[in-house]
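The first chain written gets the first letter, and so on, giving A, B, C, D and E; residue counts start at 1 in each chain.
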(Lines give C-alpha, C1' and ligand atoms only; values in the text may rest on other atoms or scores of the structure.)
Protein backbone atom coordinates (compact mmCIF):
# COMPACT_ATOMS: atom_id res chain seq x y z
CA UNK A 1 0.00 0.00 0.00
CA UNK A 2 1.02 3.56 -0.29
CA UNK A 3 0.63 6.54 1.98
CA UNK A 4 -1.13 9.53 0.47
CA UNK A 5 -2.92 12.70 1.40
CA UNK A 6 -6.39 13.45 0.06
CA UNK A 7 -5.92 16.80 -1.69
CA UNK A 8 -9.06 17.06 -3.77
CA UNK A 9 -11.96 15.56 -5.67
CA UNK A 10 -12.85 14.52 -9.19
CA UNK A 11 -16.36 14.85 -10.62
CA UNK A 12 -17.31 12.89 -13.74
CA UNK A 13 -20.92 12.64 -14.86
CA UNK A 14 -20.20 10.51 -17.92
CA UNK A 15 -18.62 7.25 -16.80
CA UNK A 16 -18.79 3.48 -16.93
CA UNK A 17 -22.02 2.33 -15.26
CA UNK A 18 -20.04 0.37 -12.67
CA UNK A 19 -18.59 3.62 -11.32
CA UNK A 20 -21.97 5.02 -10.29
CA UNK A 21 -22.10 6.04 -6.64
CA UNK A 22 -18.35 5.92 -6.00
CA UNK A 23 -16.54 8.94 -4.58
CA UNK A 24 -13.31 9.80 -6.42
CA UNK A 25 -10.46 11.49 -4.58
CA UNK A 26 -7.21 13.06 -5.71
CA UNK A 27 -4.58 11.43 -3.50
CA UNK A 28 -1.05 12.86 -3.47
CA UNK A 29 1.75 10.41 -2.66
CA UNK A 30 3.81 11.08 0.46
CA UNK A 31 7.51 10.66 1.21
CA UNK A 32 8.97 8.83 4.22
CA UNK A 33 9.03 12.25 5.89
CA UNK A 34 5.28 12.63 5.17
CA UNK A 35 5.71 15.49 2.72
CA UNK A 36 3.93 15.64 -0.63
CA UNK A 37 5.54 14.04 -3.66
CA UNK A 38 5.09 14.95 -7.29
CA UNK A 39 2.88 11.91 -8.04
CA UNK A 40 -0.77 11.20 -7.31
CA UNK A 41 -3.61 8.81 -8.09
CA UNK A 42 -7.36 9.09 -8.31
CA UNK A 43 -8.72 6.61 -5.77
CA UNK A 44 -12.15 5.38 -4.77
CA UNK A 45 -13.01 5.92 -1.11
CA UNK A 46 -14.17 2.88 0.87
CA UNK A 47 -13.82 4.26 4.41
CA UNK A 48 -15.37 7.73 4.48
CA UNK A 49 -12.12 9.70 4.16
CA UNK A 50 -12.15 13.46 3.80
CA UNK A 51 -10.02 16.10 2.15
CA UNK A 52 -6.69 16.70 3.95
CA UNK A 53 -6.58 13.31 5.66
CA UNK A 54 -3.56 11.00 5.36
CA UNK A 55 -4.71 7.65 4.04
CA UNK A 56 -3.54 4.25 2.86
CA UNK A 57 -4.49 3.16 -0.63
CA UNK A 58 -4.13 -0.18 -2.40
CA UNK A 59 -3.52 -0.50 -6.14
CA UNK A 60 -4.13 -3.01 -8.91
CA UNK A 61 -6.38 -6.04 -8.48
CA UNK A 62 -6.10 -5.63 -4.70
CA UNK A 63 -8.11 -2.44 -5.09
CA UNK A 64 -11.10 -4.59 -6.05
CA UNK A 65 -11.15 -6.56 -2.79
CA UNK A 66 -13.53 -4.22 -0.94
CA UNK A 67 -17.33 -4.36 -0.96
CA UNK A 68 -17.46 -1.00 -2.78
CA UNK A 69 -15.04 -1.90 -5.56
CA UNK A 70 -15.63 -5.62 -6.24
CA UNK A 71 -15.91 -6.29 -9.98
CA UNK A 72 -15.50 -2.65 -10.98
CA UNK A 73 -12.93 -0.97 -13.25
CA UNK A 74 -11.13 0.56 -10.29
CA UNK A 75 -7.37 0.25 -9.72
CA UNK A 76 -6.89 2.32 -6.56
CA UNK A 77 -8.91 2.32 -3.33
CA UNK A 78 -8.52 4.15 -0.04
CA UNK A 79 -8.88 1.44 2.60
CA UNK A 80 -7.65 3.12 5.78
CA UNK A 81 -7.43 6.55 7.41
CA UNK A 82 -4.06 6.90 9.12
CA UNK A 83 -3.82 7.90 12.79
CA UNK A 84 -0.06 7.79 13.27
CA UNK A 85 3.11 6.91 11.38
CA UNK A 86 6.31 6.13 13.21
CA UNK A 87 9.62 6.11 11.33
CA UNK A 88 13.00 5.30 12.89
CA UNK A 89 11.57 5.54 16.38
CA UNK A 90 10.05 9.00 15.97
CA UNK A 91 6.50 10.10 15.22
CA UNK A 92 6.50 11.14 11.56
CA UNK A 93 2.78 11.85 11.47
CA UNK A 94 0.07 12.20 14.07
CA UNK A 95 -3.47 12.92 12.93
CA UNK A 96 -4.39 14.77 16.09
CA UNK A 97 -1.62 17.33 15.51
CA UNK A 98 -2.00 17.57 11.73
CA UNK B 1 -6.87 5.58 -11.66
CA UNK B 2 -4.95 8.25 -13.44
CA UNK B 3 -5.94 11.55 -14.97
CA UNK B 4 -5.03 11.98 -18.62
CA UNK B 5 -5.89 14.04 -21.65
CA UNK B 6 -6.84 12.38 -24.93
CA UNK B 7 -4.28 13.77 -27.37
CA UNK B 8 -4.65 11.45 -30.34
CA UNK B 9 -5.54 8.13 -31.88
CA UNK B 10 -3.87 4.89 -32.91
CA UNK B 11 -4.92 2.88 -35.97
CA UNK B 12 -3.85 -0.76 -36.28
CA UNK B 13 -5.37 -2.99 -38.93
CA UNK B 14 -3.35 -6.08 -37.98
CA UNK B 15 -4.15 -7.01 -34.39
CA UNK B 16 -5.30 -9.74 -32.06
CA UNK B 17 -8.86 -10.72 -32.97
CA UNK B 18 -10.09 -9.72 -29.51
CA UNK B 19 -9.19 -6.09 -30.26
CA UNK B 20 -11.61 -5.80 -33.17
CA UNK B 21 -14.02 -2.90 -32.78
CA UNK B 22 -12.19 -1.14 -29.97
CA UNK B 23 -11.17 2.50 -30.28
CA UNK B 24 -7.57 3.20 -29.24
CA UNK B 25 -6.62 6.59 -27.85
CA UNK B 26 -3.31 8.23 -27.03
CA UNK B 27 -3.76 9.49 -23.45
CA UNK B 28 -1.14 11.84 -21.99
CA UNK B 29 -0.73 11.75 -18.22
CA UNK B 30 -1.49 14.93 -16.29
CA UNK B 31 0.14 16.53 -13.25
CA UNK B 32 -1.67 17.70 -10.12
CA UNK B 33 -1.82 21.10 -11.82
CA UNK B 34 -3.51 19.48 -14.85
CA UNK B 35 -0.61 20.08 -17.21
CA UNK B 36 0.75 17.42 -19.57
CA UNK B 37 3.46 15.08 -18.35
CA UNK B 38 6.08 13.27 -20.38
CA UNK B 39 4.32 9.88 -20.10
CA UNK B 40 1.30 8.44 -21.90
CA UNK B 41 -0.63 5.23 -22.49
CA UNK B 42 -2.72 3.84 -25.29
CA UNK B 43 -6.14 3.19 -23.78
CA UNK B 44 -9.38 1.64 -25.00
CA UNK B 45 -12.39 3.94 -24.81
CA UNK B 46 -15.46 2.64 -22.97
CA UNK B 47 -17.38 5.91 -22.54
CA UNK B 48 -17.37 7.75 -25.88
CA UNK B 49 -14.51 10.13 -25.07
CA UNK B 50 -13.13 12.47 -27.71
CA UNK B 51 -9.81 14.09 -28.52
CA UNK B 52 -8.86 16.89 -26.08
CA UNK B 53 -11.04 15.67 -23.23
CA UNK B 54 -9.65 15.07 -19.74
CA UNK B 55 -10.42 11.51 -18.70
CA UNK B 56 -9.87 8.90 -16.02
CA UNK B 57 -8.27 5.63 -17.03
CA UNK B 58 -7.78 2.39 -15.12
CA UNK B 59 -4.78 0.09 -15.64
CA UNK B 60 -3.93 -3.57 -15.25
CA UNK B 61 -6.54 -6.25 -14.65
CA UNK B 62 -8.98 -3.52 -13.56
CA UNK B 63 -8.98 -2.35 -17.18
CA UNK B 64 -10.81 -5.57 -18.10
CA UNK B 65 -13.79 -4.92 -15.79
CA UNK B 66 -15.88 -3.09 -18.38
CA UNK B 67 -18.28 -4.65 -20.89
CA UNK B 68 -16.05 -3.55 -23.77
CA UNK B 69 -12.79 -4.95 -22.40
CA UNK B 70 -13.79 -8.14 -20.53
CA UNK B 71 -11.47 -11.04 -21.45
CA UNK B 72 -9.39 -8.99 -23.90
CA UNK B 73 -5.64 -8.26 -23.96
CA UNK B 74 -6.20 -4.69 -22.82
CA UNK B 75 -4.36 -3.09 -19.87
CA UNK B 76 -5.74 0.46 -19.95
CA UNK B 77 -9.31 1.68 -20.31
CA UNK B 78 -10.91 5.13 -20.25
CA UNK B 79 -13.86 4.76 -17.87
CA UNK B 80 -14.87 8.35 -17.16
CA UNK B 81 -14.87 11.78 -18.77
CA UNK B 82 -13.91 14.38 -16.19
CA UNK B 83 -16.11 17.43 -15.55
CA UNK B 84 -14.15 19.11 -12.76
CA UNK B 85 -11.07 18.56 -10.61
CA UNK B 86 -10.64 20.39 -7.35
CA UNK B 87 -7.22 20.49 -5.65
CA UNK B 88 -6.48 22.20 -2.34
CA UNK B 89 -9.81 23.97 -2.40
CA UNK B 90 -9.42 25.52 -5.84
CA UNK B 91 -10.76 24.42 -9.22
CA UNK B 92 -7.80 22.86 -11.05
CA UNK B 93 -9.86 21.87 -14.09
CA UNK B 94 -13.31 22.67 -15.36
CA UNK B 95 -14.47 21.09 -18.60
CA UNK B 96 -16.78 23.95 -19.47
CA UNK B 97 -13.86 26.38 -19.48
CA UNK B 98 -11.27 24.09 -21.06
CA UNK C 1 -1.04 -0.46 -23.66
CA UNK C 2 2.23 1.01 -24.68
CA UNK C 3 3.72 1.95 -28.01
CA UNK C 4 7.04 0.33 -28.82
CA UNK C 5 9.32 -0.45 -31.72
CA UNK C 6 10.59 -3.99 -32.28
CA UNK C 7 14.37 -3.56 -32.22
CA UNK C 8 15.58 -7.13 -31.86
CA UNK C 9 15.14 -10.71 -30.76
CA UNK C 10 15.94 -12.93 -27.77
CA UNK C 11 16.89 -16.60 -28.11
CA UNK C 12 16.68 -18.86 -25.06
CA UNK C 13 16.99 -22.63 -25.42
CA UNK C 14 16.62 -23.36 -21.70
CA UNK C 15 13.25 -22.10 -20.52
CA UNK C 16 10.01 -22.95 -18.79
CA UNK C 17 8.15 -25.56 -20.83
CA UNK C 18 5.21 -23.20 -21.28
CA UNK C 19 7.40 -20.84 -23.29
CA UNK C 20 8.08 -23.39 -26.05
CA UNK C 21 7.18 -22.09 -29.47
CA UNK C 22 6.81 -18.43 -28.53
CA UNK C 23 8.77 -15.74 -30.35
CA UNK C 24 10.47 -13.22 -28.04
CA UNK C 25 11.08 -9.67 -29.21
CA UNK C 26 13.06 -6.78 -27.78
CA UNK C 27 10.58 -3.86 -27.81
CA UNK C 28 11.86 -0.34 -27.14
CA UNK C 29 9.38 2.08 -25.62
CA UNK C 30 8.46 5.15 -27.65
CA UNK C 31 7.77 8.76 -26.65
CA UNK C 32 4.73 10.81 -27.69
CA UNK C 33 6.90 12.04 -30.56
CA UNK C 34 7.53 8.39 -31.58
CA UNK C 35 11.23 8.47 -30.75
CA UNK C 36 12.99 5.71 -28.81
CA UNK C 37 13.09 5.90 -25.03
CA UNK C 38 15.63 4.39 -22.68
CA UNK C 39 13.32 1.58 -21.53
CA UNK C 40 12.30 -1.68 -23.20
CA UNK C 41 10.55 -4.98 -22.56
CA UNK C 42 10.86 -8.48 -23.93
CA UNK C 43 7.43 -9.32 -25.37
CA UNK C 44 5.83 -12.37 -26.92
CA UNK C 45 4.50 -11.83 -30.43
CA UNK C 46 0.87 -12.77 -31.08
CA UNK C 47 0.35 -11.00 -34.42
CA UNK C 48 3.32 -11.80 -36.68
CA UNK C 49 5.23 -8.57 -36.06
CA UNK C 50 8.70 -8.06 -37.50
CA UNK C 51 11.84 -6.18 -36.56
CA UNK C 52 11.52 -2.39 -37.00
CA UNK C 53 7.75 -2.30 -36.80
CA UNK C 54 5.90 -0.01 -34.37
CA UNK C 55 3.60 -2.11 -32.21
CA UNK C 56 1.23 -2.02 -29.27
CA UNK C 57 1.97 -4.27 -26.33
CA UNK C 58 -0.08 -5.13 -23.25
CA UNK C 59 1.47 -5.87 -19.84
CA UNK C 60 0.62 -7.81 -16.72
CA UNK C 61 -2.25 -10.28 -16.53
CA UNK C 62 -3.74 -8.69 -19.66
CA UNK C 63 -0.78 -10.11 -21.57
CA UNK C 64 -2.23 -13.59 -20.97
CA UNK C 65 -5.55 -12.87 -22.72
CA UNK C 66 -4.44 -14.03 -26.16
CA UNK C 67 -4.59 -17.57 -27.52
CA UNK C 68 -0.78 -17.75 -27.64
CA UNK C 69 -0.17 -16.60 -24.07
CA UNK C 70 -3.10 -18.00 -22.05
CA UNK C 71 -1.86 -19.64 -18.82
CA UNK C 72 1.80 -18.97 -19.54
CA UNK C 73 4.41 -17.06 -17.48
CA UNK C 74 4.32 -14.13 -19.89
CA UNK C 75 3.82 -10.52 -18.77
CA UNK C 76 4.10 -8.65 -22.09
CA UNK C 77 2.50 -9.42 -25.45
CA UNK C 78 2.49 -7.62 -28.79
CA UNK C 79 -1.16 -7.55 -29.80
CA UNK C 80 -1.23 -5.04 -32.67
CA UNK C 81 0.96 -3.68 -35.45
CA UNK C 82 0.48 0.06 -35.70
CA UNK C 83 -0.43 1.71 -39.04
CA UNK C 84 -0.72 5.33 -37.94
CA UNK C 85 -0.51 7.46 -34.82
CA UNK C 86 -2.06 10.91 -34.72
CA UNK C 87 -1.12 13.34 -31.94
CA UNK C 88 -2.54 16.85 -31.54
CA UNK C 89 -4.05 16.74 -34.99
CA UNK C 90 -0.84 15.82 -36.83
CA UNK C 91 0.45 12.47 -38.06
CA UNK C 92 3.14 11.40 -35.59
CA UNK C 93 3.76 8.06 -37.27
CA UNK C 94 2.76 6.48 -40.55
CA UNK C 95 3.89 2.96 -41.30
CA UNK C 96 3.94 3.49 -45.05
CA UNK C 97 6.50 6.29 -44.69
CA UNK C 98 8.56 4.73 -41.89
CA UNK D 1 10.07 -9.50 -4.81
CA UNK D 2 11.89 -6.55 -3.43
CA UNK D 3 14.35 -6.13 -0.59
CA UNK D 4 13.37 -3.62 2.06
CA UNK D 5 14.11 -2.60 5.62
CA UNK D 6 11.34 -2.25 8.15
CA UNK D 7 11.72 1.34 9.34
CA UNK D 8 8.45 1.96 11.12
CA UNK D 9 4.78 1.31 11.68
CA UNK D 10 1.41 2.66 10.60
CA UNK D 11 -1.62 2.78 12.90
CA UNK D 12 -5.09 3.22 11.41
CA UNK D 13 -8.19 2.73 13.51
CA UNK D 14 -10.66 3.50 10.72
CA UNK D 15 -10.17 1.00 7.92
CA UNK D 16 -11.81 -1.56 5.67
CA UNK D 17 -13.12 -4.42 7.80
CA UNK D 18 -10.88 -6.87 5.97
CA UNK D 19 -7.80 -5.12 7.35
CA UNK D 20 -8.67 -5.85 10.99
CA UNK D 21 -5.87 -7.62 12.83
CA UNK D 22 -3.14 -7.01 10.26
CA UNK D 23 0.11 -5.33 11.25
CA UNK D 24 1.20 -2.54 8.88
CA UNK D 25 4.88 -1.75 8.45
CA UNK D 26 6.72 1.07 6.72
CA UNK D 27 9.26 -0.73 4.48
CA UNK D 28 12.01 1.30 2.84
CA UNK D 29 13.37 -0.08 -0.44
CA UNK D 30 17.04 -1.07 -0.55
CA UNK D 31 19.68 -0.74 -3.25
CA UNK D 32 21.94 -3.55 -4.49
CA UNK D 33 24.45 -2.30 -1.90
CA UNK D 34 21.77 -2.69 0.82
CA UNK D 35 21.47 1.03 1.50
CA UNK D 36 18.12 2.81 1.85
CA UNK D 37 16.46 4.23 -1.24
CA UNK D 38 14.05 7.10 -1.49
CA UNK D 39 10.99 4.87 -2.00
CA UNK D 40 8.95 2.79 0.42
CA UNK D 41 5.72 0.81 0.75
CA UNK D 42 3.35 0.03 3.56
CA UNK D 43 3.27 -3.76 3.79
CA UNK D 44 1.34 -6.31 5.83
CA UNK D 45 3.50 -8.62 7.91
CA UNK D 46 2.95 -12.38 7.49
CA UNK D 47 6.12 -13.68 9.18
CA UNK D 48 6.55 -11.82 12.48
CA UNK D 49 9.10 -9.28 11.25
CA UNK D 50 10.28 -6.45 13.49
CA UNK D 51 11.52 -2.91 13.06
CA UNK D 52 15.03 -2.70 11.59
CA UNK D 53 14.95 -6.12 9.93
CA UNK D 54 15.74 -6.60 6.25
CA UNK D 55 12.83 -8.36 4.59
CA UNK D 56 11.45 -9.56 1.28
CA UNK D 57 8.06 -8.27 0.20
CA UNK D 58 5.81 -9.28 -2.66
CA UNK D 59 3.52 -6.84 -4.48
CA UNK D 60 0.29 -6.90 -6.46
CA UNK D 61 -1.99 -9.93 -6.56
CA UNK D 62 0.91 -12.09 -5.32
CA UNK D 63 0.64 -10.23 -2.02
CA UNK D 64 -2.72 -11.98 -1.48
CA UNK D 65 -1.28 -15.51 -1.67
CA UNK D 66 -0.60 -15.84 2.07
CA UNK D 67 -3.03 -17.07 4.72
CA UNK D 68 -3.07 -13.62 6.34
CA UNK D 69 -3.79 -11.65 3.17
CA UNK D 70 -6.06 -13.93 1.09
CA UNK D 71 -9.05 -11.98 -0.29
CA UNK D 72 -8.07 -8.70 1.36
CA UNK D 73 -7.37 -5.27 -0.18
CA UNK D 74 -3.65 -5.65 0.39
CA UNK D 75 -1.03 -5.10 -2.34
CA UNK D 76 2.22 -5.64 -0.42
CA UNK D 77 3.16 -8.38 2.03
CA UNK D 78 6.35 -9.20 3.92
CA UNK D 79 6.86 -12.92 3.32
CA UNK D 80 10.45 -13.51 4.46
CA UNK D 81 13.01 -12.16 6.92
CA UNK D 82 16.41 -12.05 5.23
CA UNK D 83 19.45 -13.72 6.83
CA UNK D 84 22.07 -13.00 4.18
CA UNK D 85 22.42 -11.39 0.77
CA UNK D 86 25.36 -12.17 -1.45
CA UNK D 87 26.14 -9.94 -4.45
CA UNK D 88 29.00 -10.49 -6.90
CA UNK D 89 30.59 -13.09 -4.64
CA UNK D 90 30.69 -10.90 -1.53
CA UNK D 91 28.38 -10.72 1.47
CA UNK D 92 26.29 -7.58 0.99
CA UNK D 93 24.18 -8.16 4.09
CA UNK D 94 24.40 -10.47 7.08
CA UNK D 95 21.70 -10.27 9.72
CA UNK D 96 23.98 -11.39 12.51
CA UNK D 97 26.30 -8.43 11.94
CA UNK D 98 23.60 -5.86 11.14
CA UNK E 1 9.42 -9.77 -19.43
CA UNK E 2 12.64 -8.12 -18.50
CA UNK E 3 16.26 -8.98 -19.14
CA UNK E 4 18.43 -9.32 -16.05
CA UNK E 5 21.69 -10.74 -14.86
CA UNK E 6 21.83 -13.03 -11.84
CA UNK E 7 24.26 -11.24 -9.53
CA UNK E 8 23.69 -12.99 -6.23
CA UNK E 9 21.51 -14.92 -3.81
CA UNK E 10 19.20 -14.30 -0.88
CA UNK E 11 18.93 -16.64 2.11
CA UNK E 12 15.91 -16.40 4.41
CA UNK E 13 15.23 -19.08 6.99
CA UNK E 14 12.09 -17.43 8.39
CA UNK E 15 9.52 -17.13 5.63
CA UNK E 16 5.99 -17.89 4.54
CA UNK E 17 5.52 -21.67 4.37
CA UNK E 18 4.72 -21.45 0.66
CA UNK E 19 8.26 -20.23 -0.05
CA UNK E 20 9.91 -23.42 1.26
CA UNK E 21 12.24 -25.00 -1.27
CA UNK E 22 12.41 -22.05 -3.67
CA UNK E 23 15.75 -20.58 -4.68
CA UNK E 24 15.89 -16.77 -4.47
CA UNK E 25 18.19 -14.84 -6.78
CA UNK E 26 19.26 -11.20 -6.91
CA UNK E 27 18.62 -10.18 -10.54
CA UNK E 28 19.99 -6.87 -11.80
CA UNK E 29 18.09 -5.22 -14.64
CA UNK E 30 19.92 -4.74 -17.93
CA UNK E 31 19.85 -1.91 -20.48
CA UNK E 32 19.33 -2.33 -24.23
CA UNK E 33 23.13 -2.43 -24.46
CA UNK E 34 23.15 -5.32 -21.92
CA UNK E 35 24.86 -3.31 -19.19
CA UNK E 36 23.73 -3.33 -15.57
CA UNK E 37 21.13 -0.82 -14.45
CA UNK E 38 20.56 0.60 -11.02
CA UNK E 39 17.45 -1.51 -10.35
CA UNK E 40 17.02 -5.17 -9.39
CA UNK E 41 14.48 -7.71 -8.20
CA UNK E 42 14.61 -10.84 -6.09
CA UNK E 43 13.25 -13.61 -8.32
CA UNK E 44 12.46 -17.29 -7.86
CA UNK E 45 14.34 -19.61 -10.21
CA UNK E 46 12.25 -22.06 -12.27
CA UNK E 47 14.87 -23.11 -14.83
CA UNK E 48 18.10 -23.90 -12.96
CA UNK E 49 19.83 -20.58 -13.62
CA UNK E 50 23.19 -19.76 -12.04
CA UNK E 51 25.03 -16.69 -10.86
CA UNK E 52 26.29 -14.50 -13.72
CA UNK E 53 23.81 -15.78 -16.29
CA UNK E 54 21.61 -13.42 -18.31
CA UNK E 55 17.99 -14.40 -17.81
CA UNK E 56 14.41 -13.44 -18.58
CA UNK E 57 12.06 -12.87 -15.68
CA UNK E 58 8.31 -12.34 -15.56
CA UNK E 59 6.59 -10.15 -12.96
CA UNK E 60 3.21 -9.86 -11.28
CA UNK E 61 0.55 -12.55 -11.53
CA UNK E 62 2.37 -13.97 -14.57
CA UNK E 63 5.16 -14.99 -12.20
CA UNK E 64 2.77 -17.54 -10.70
CA UNK E 65 2.19 -19.41 -13.98
CA UNK E 66 5.02 -21.91 -13.51
CA UNK E 67 4.84 -25.25 -11.70
CA UNK E 68 7.24 -23.97 -9.03
CA UNK E 69 5.40 -20.74 -8.27
CA UNK E 70 1.69 -21.58 -8.70
CA UNK E 71 -0.37 -20.24 -5.76
CA UNK E 72 2.63 -18.80 -3.93
CA UNK E 73 3.34 -15.21 -2.79
CA UNK E 74 5.90 -14.73 -5.54
CA UNK E 75 5.87 -11.75 -7.93
CA UNK E 76 9.02 -12.43 -10.01
CA UNK E 77 10.21 -15.65 -11.63
CA UNK E 78 13.15 -16.48 -13.86
CA UNK E 79 11.64 -18.48 -16.72
CA UNK E 80 14.43 -18.56 -19.32
CA UNK E 81 18.21 -18.51 -19.58
CA UNK E 82 19.22 -16.28 -22.48
CA UNK E 83 21.55 -17.57 -25.21
CA UNK E 84 21.67 -14.52 -27.48
CA UNK E 85 20.19 -11.05 -27.79
CA UNK E 86 20.19 -9.22 -31.09
CA UNK E 87 19.51 -5.48 -31.20
CA UNK E 88 19.39 -3.36 -34.36
CA UNK E 89 20.92 -6.17 -36.41
CA UNK E 90 23.95 -6.69 -34.18
CA UNK E 91 24.62 -9.26 -31.46
CA UNK E 92 24.21 -7.41 -28.16
CA UNK E 93 24.79 -10.52 -26.03
CA UNK E 94 26.08 -14.01 -26.69
CA UNK E 95 26.26 -16.45 -23.79
CA UNK E 96 29.16 -18.38 -25.28
CA UNK E 97 31.34 -15.26 -25.30
CA UNK E 98 30.11 -13.80 -22.00
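Note that in this section a residue touches a chain if its C-beta (ideal position, glycine included) is under 8 Å from a C-beta of that chain, and two chains touch if they have at least 3 such contacts.
Everything numeric here is computed off the predicted structure, so don't read it as measured data.
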Co-neighbours of chain B and chain A - touch as defined: none
Distance from the mean Cα position of chain E to that of chain A, given in whole angstrom: 33
For chain B paired with chain C, centre-to-centre distance based on mean C-alpha positions, whole Å: 20
Multi-chain contact residues (two or more partners), chain E: 60-61, 63-64
Pairwise touch network: line, ring, star, complete, or other: ring
Neighbour-by-neighbour ring order, given that chain C leads and chain E comes next: C, E, D, A, B
Complex contacts: residues of chain E adjacent to chain C: 1-3, 31-32, 46-48, 56, 58-66, 69, 77, 79-89, 92
Chain C - residues contacting chain E, complex: 7-16, 18-19, 24, 26, 28, 38, 40-43, 51, 60-61, 63-64, 71-76
